[in-house]
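What follows is a group of structures, each given as structure tokens.
You will see two complexes here that share chain A, one where it goes with chain B and one where it goes with chain C.
Here is the complex of A and B:
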């Protein structure tokens, strides 16, 4: 938001001291940027000002001689050059104390039992405003709370009516099922009736609410105070975006995930998969000891020796969900020629194309912040809400750029949130979705182009040709809706910052090629005058899909590995954190595993691949190890170890025995893979730390150190050492301050809540010194490639099969987290009402999907918006041979009483789409 | 290629079955007066209330679906306004002012008298379903306080009025209408 405003500095005087602040900003934001303490509630750095709470009142003076001044709301007052204000003026102080006193009238005295206590913005502001004693002695207003699903607790009595929840939930994130109800002292923020909050971003309410109305239900069940959590800077492993997180651990359990501010990526917000999807780390079935095929436990040395012994004649398959160091260590162990990527055939093809386009100088892969700045967007084939949710939230912001334009023309500052929304009404920057059916972004889209995957590719190629004549035309009846394509071409061409989004989630390489053609056509159209690259956002599926691809030779696909193994070209197989049955036709995996002498699987939870392994080595989860991951932009980021794993599980790179320390693994990875050359830049410089010292993972107030293990042994154990990083497993050392090297959980004097992040930003919404924004690994080449030829139609008929993604259930590990499981649907195939009627299928009925080499039983999901020629399949966590089905399938009703049909007992009730065909 | 009108995707049958022809006609008339369906929400609630006496959960859902508005948002509108009734009310709603002027002029005593006549307090409905008593902040008639409205009629100077006679009119009115 502030990126759009002017950055000229002007001088203002605050309490008789001159300060340089941004012209065009508001006084509250500028005071906070200066590090001054000014209380507020309704303002949020990402959502601007509405002037609702009156908490940020300051005195403003007309000139030097004005002794009286006027009270004004800092958040609603634009900075004027030479303005004189006072925060400390007694009248302003008194006014703010009065405001907080009235806001607190019905607030319960329940801080000791409130999950927000100790990191509560309301506590901080109450103290800061000097409201120490309650004078109100009447009956407080009380409310009934609602059940809001498995993620969020509701305690309305704590509400101070700042409206930040609905401003985030509905205005920022587009949710429709949370609203302000009633009025004055009985204002209520809730759903119209009890039920799970539908928005994929509901978890942010926990951080957006200044007090304990919305709290993290999963954390509540195994709760600790903020100061009792051991924390380190981490990266979300839920998808390929690489949002920054701060996991908190206590008693060896990963207790919660909160957002960690990153100015270019996630900013202040995470999706619910990222926030609630890490329960698998504490899973009872976590692999803890090396095991042989009979399930017999081996000691770690024997197991490690066995791994090295078989490695000489082994092929290794890497993992897009494991860090670079793990993949690289395995690559070194077996040799580069024997190291294969772990992608499905369709994803491999997509990744090859994505990696090629990512090096093309005609394009720029935008960060999340840059995506928000696009003024015309085309999404091609990717269900972004379900494959890269944080980017869907950014796309939702991009459509507001039209509102900012209108605001500029009326001289309304962008932070005047209500005024900007008012002037825009329903005007939006264009967002076009080329998709298989209705999506969760439809409400802000100008149009959906709905077709089968091959149809979408044809139309996208045709669109490229419309934008620039050099792009190859589509023959035949490619253009079904010329008028609409013409309009889209015109809008994209006219935009200042157009954005094309596609990704590996579609599983259709032709869509990615078509996206490349459209972006290239836009680039050509810009001509030689402005050779600015065009924003082309290509999404990768998993946390380190890009890293794995960079470490793998182009010919070393998973399919090639399975062929080599089946043909006996390698004796042994090492599988790193990868369930091959999710990636390839089951028959081909079986053939490969049957031909292999010894299979070693390294993983953290049992799966179909570990079940077939002769040796299973337990590995550490993301929060139990240090690792680097490469996101969709090619941005390498470091995730620090948060806590230790007390079993035999260890990082995969340790099992290989190739490296003694993490830095060795990282540096060797950087040295031996050209694309990884800049990887070491992610390591912060900690050489200046006093006494070569360490930074604490535990806050200064961490309690129970001498007592927490007293039930096992009354002697306090020696603090665990961390030879691999600058962090210590203790509270000793220099805690994070504004200029600290590392920052996991922000804290500043008087600011215990997450709002203390402003104390670490040089200016509001600016970068952090501790951000270590990561290292952008991919260098763009000199000469761009040409247009891709239009895909030939292969002439086959039948129903096209595409994957259907779900934020809750599609990602392998988060799908094993208890909270996520409560929101998961069963495996389904989504089809149009015509297809359903033609095959005698009703919504929710069991259906056999038959393909080339497999037949699976799933539930039929009938969706009104889908075209007849496509079926999209969601495997959920079921044993579904998706890749065995091939590109075309047929459908037949399945008997409801077969074991396969009866196993589908989870139903489709959790599916949140707008176009479900209703029963009856 | 087919394009989808997002408004149509969520179309349902509930609203069409539930809302009566007359209600739909009036709502459609209101729709012509505003550029945005969201603005029609309040008017639609008033229309349904006019026809049915109050806005039930089913009515709320039907209006939300008919106007394609999020039901939580429409509930916000319905509960914001005191005079949209989300619970059943009696045949005559007594809006009784307990604001400053009426309070000075003795509305507390009037309230006791109402309780004596009808046996109901704020938010309650008589057992015969004839009257519901609701407090209201001001009826704009302070010079003739205390004041109340019964149905569409303003009644003034209540400290001097015969409440029993006033309420009897409405009971009789019902009998005359044969309702």
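Here is the complex of A and C:
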């Protein structure tokens, strides 16, 4: 947000040395951009300045002859050409020492038992400001802690009242349940009562808090200091956004995930699924050895040989949660014609449409940073908070562009956070949500258009027609909200940078087509003079949905594979990291599996598909292998291996035996799939490293090297070698502060916390000095397609069924993580109060949902804002035949004493929605 | 030339005289192991983990000893009791690597890890030089008798609530408006 439009450089003099800095910035930000050490607390690169902590005081002089100068807060002082300041001035140094001393007056004697110790901004700043002994001999102020849920620990005594937590939690992320309470030295940051923090971004408090008030509870259970964590640059596998993460490993366990800065994508923040959803890597049930149908263990060579043996007459089904190399190796093994995508029918249709629109020159698929710059947004049918949470956080920032506009008109710099909020009051850039019920973005939305999925599509098509007359009109009752649609059309057309968001999560291809029509109408309206494309953000479901789609032939859908198998067109089946029962009607999967001779499943945890397989091959988890993933923008990124898996589990591409090295798999993938041509660009150039050298995965002060494994054998084993990458499984190599080509965990002298990231940026909030790696794969063609015709209504009646997504529970693997399970709801069907009353259902009661070919028992979730014609179903981790239900369903109360109903014991207590129709 | 010869002979004579004189001085040699020398309490020998005056484990598994160790021969894992006390799940010292530098003792914020005057640590089997917590933990306070980290730290444990540590005021009532 603090990126200024103008980037003119001006000269200022700091401690008698002239520096070139950005005009329009503040002194603190520019000092940090220059790499100077100036302590601070309340300022945050993404949240601007409020001048609360007084720690960044510097001396400012009027002119060359001014010897006295004035103390000023660097974070609140705009850069002026020719300004003369001093960081080292004795009075400024003294002032800062005084400030830190008073901040530390009530800080407890906790560092040895604090999870922040060793990566604590407060420790760093205390040392930097020169404070060591507490002179104040009165009593310390103490506070009682609160239970804040399974993710976050609260230790309020450690607070230094910088207000960063509430500024992030409520102002930046829109949370309502964390606030400052009491006053003066009694100030308390907590909830009104104990309970889990509701925001989907609560985990960022761990990184935002400069000390140990909010710490990672999951990490604390299996804790290691930062200097003991083996870390490598990785990619979050929780959804299709592709946020950059830095997983840390110790003693063979994946211990935690922290944010890894990427200026275009996640910036400084992750969602809680990404941060806390990787516990499945350490799951006790992880598949460790190849097994046959009877559960008998096979040795790896026999199993691999068996896979190759059956591959000749096999159909393979790829996986959107496996990397490109795994999918490609399987494609190579069975041949392109026999390789099928692993999407459900609805998702496949959506992905086909998304891929087509992603190549259209009229559109631009914006990065997360670009989403924040949109000044009018329309979200079509996608519950962004639950399908791509990081994007929801970016949308929340986009509504502030109106505030920045007002600030510009009053000549207030954007980093003056409190002033910008003050001038804006409740003015926001428009955000419209076309949804089937209340969402977590409602508080910043201008209005919600609530309808059934088919109704939303009709209205969206009508909106496109309103924006440009060339878009096909909708006949009949498509204009239910004529007045509102007219206003939306007007605001989108008037916007400088409008953005349309849709995605595969809605499961409605018509909504994606409608999104295409609206964006095309906006593009046409701008005229034809070679203008900028329109931002059209199309979200994909899983980490590599886009990659898998690019590797699969258009006709090779999962449905086609199941048909071929059921018809006996192939003898064997190979399933890569995919639970088919989550993707297709159970009856069709059963029919296919019954028809084949041999089924081989490659996966990392047992599921319904591996249970039916004749041969199960264990594969490495995301942190145990190197892989490339393609995110929603078509950005391919490389996730490095963090640690080794000592069981027989290995990357899926290794099982196929097609390639000896990762690089071969990657290069062959790039060479044999035209859409993947630029994939090889994700490999960093490490030729400049001395001696063809390596970069270390372990920090310089990694401890216990000669004792960790001494209980097994006092004779230390040779360091593990990594022939597949530029990283070493040791602390050997060029450290990141000398070469940050692969920056996993930032560290700089005196800067042990994550705030050290500024030492790796040329400019605050800019890209990393060495770049971020990754390559945008999709090339836009010449000449766009035309408008899509409006969908015909099929005339069927009944309750429309749509998927309901939950940040905790919808993603297959994170739902196996212990921490996430504590926040998961049970399977439910969300319906309107009218529907509930009509069927005699109450909130939380068991209900039978009957569809075309299946019937499932779930809990009823009655939501006041939903329209009557739709039911949204959340399967959680239950064995629910969602795809067997079809497009229309009927409801009936289920007896509470059946085993199916009794199995639903998790309840709906963890559901955080604003429109629950509570009884009484 | 003459002075050189004179000085050399003189030097020889002085040396002989000095050696001769030692014949009548009590010998410093100790008949170890039958006879044992007095070892000073601050001698840097075998490492132990001590307990606080209340008999609880002093080590809070902060990892500072491990990171201070120049030969990286200390490995441990933090875990926590129900009431919030940190302690090591395992604590291992590889004495075949240890150089008895005492950095771990200097780094220890709770006086848990201490070096003792015992230096007799030779083993026939090198594997026996790897000591676990059961081998390291003693029943006493070691050299430092009074210090109890948890009485000073702000973290709450059983028997010591918020505001009950050294120099701490009663916990704040956030709903009160009084100063």
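Everything below uses one rule, namely that the second predicted complex is superposed on the first by the 911 of 920 C-alpha atoms of A that agree within 3 Å, B and C clash if a C-alpha of one lies under 4 Å from a C-alpha of the other, contacts with A are read in each partner's own complex, and residues count from 1 in each chain.
FYI, a contact is a pair of C-beta atoms (placed from the backbone, for glycine too) under 8 Å apart; a residue touches a chain by one contact, two chains touch by 3 or more.
Computed from a predicted structure; not experimentally measured.
**Q** Contact-wise, after the overlay, does A:493 reach chain B, chain C, both or neither (first, second, both, neither)?
**A** Neither: A:493 stays clear of chain B and chain C.
**Q** One more residue to check, A:714. First (chain B), second (chain C), both or neither?
**A** second
**Q** May I ask you to decide whether A:890 touches chain B, chain C, both, or neither, giving the answer as first, second, both or neither?
**A** The answer is neither, since A:890 touches no partner chain.
**Q** I'd like to know which partner A:192 touches here: chain B for first, chain C for second, both or neither.
**A** Touch status of A:192: first partner only.
**Q** Which partner, chain B or chain C, touches the larger number of chain A residues?
**A** The partner with more contacted residues on chain A is C.
**Q** Going by the contact rule set out at the top, does A:842 touch chain B (first), chain C (second), both, or neither?
**A** neither
**Q** Thinking of the overlay built on chain A, is A:449 touched by chain B (first), by chain C (second), by both, or by neither?
**A** After superposing on A, A:449 lies in contact with chain B but is clear of chain C.
**Q** Tell me which partner A:182 touches in the superposition: chain B (first), chain C (second), both or neither.
**A** A:182: touches chain B and chain C.
**Q** Give me the intersection of chain A's contacts with chain B and its contacts with chain C, in residue numbers.
**A** 181-182, 188, 190
**Q** Tell me, which parts of chain B touch chain A in their complex?
**A** 1-4, 6, 9-10, 12-13, 36, 57, 60, 70-76, 79-80
**Q** Which chain A residues qualify as touching chain B in the complex?
**A** Within the complex, chain A touches chain B at residues 170, 176-183, 188, 190-193, 425-426, 438, 442-443, 445, 447-451, 455, 459, 479-481, 484, 864-865, 867, 914-915, 918.
**Q** Using the touch rule from the top, collect the residues of chain C that touch chain A in their complex.
**A** 60, 62-64, 66-67, 69, 71-78, 80, 86, 92-94, 96-97, 109-110, 126-127, 129-130, 132, 149, 152-156, 162-163, 165, 167-172, 174-176, 179
**Q** Hey, which residues of chain A end up touching chain C in the complex?
**A** Of all residues in chain A, those touching chain C are 108-113, 117-118, 137-145, 155, 157-158, 181-182, 184, 186, 188, 190, 220-225, 227-228, 251, 701-708, 710-711, 713-715.
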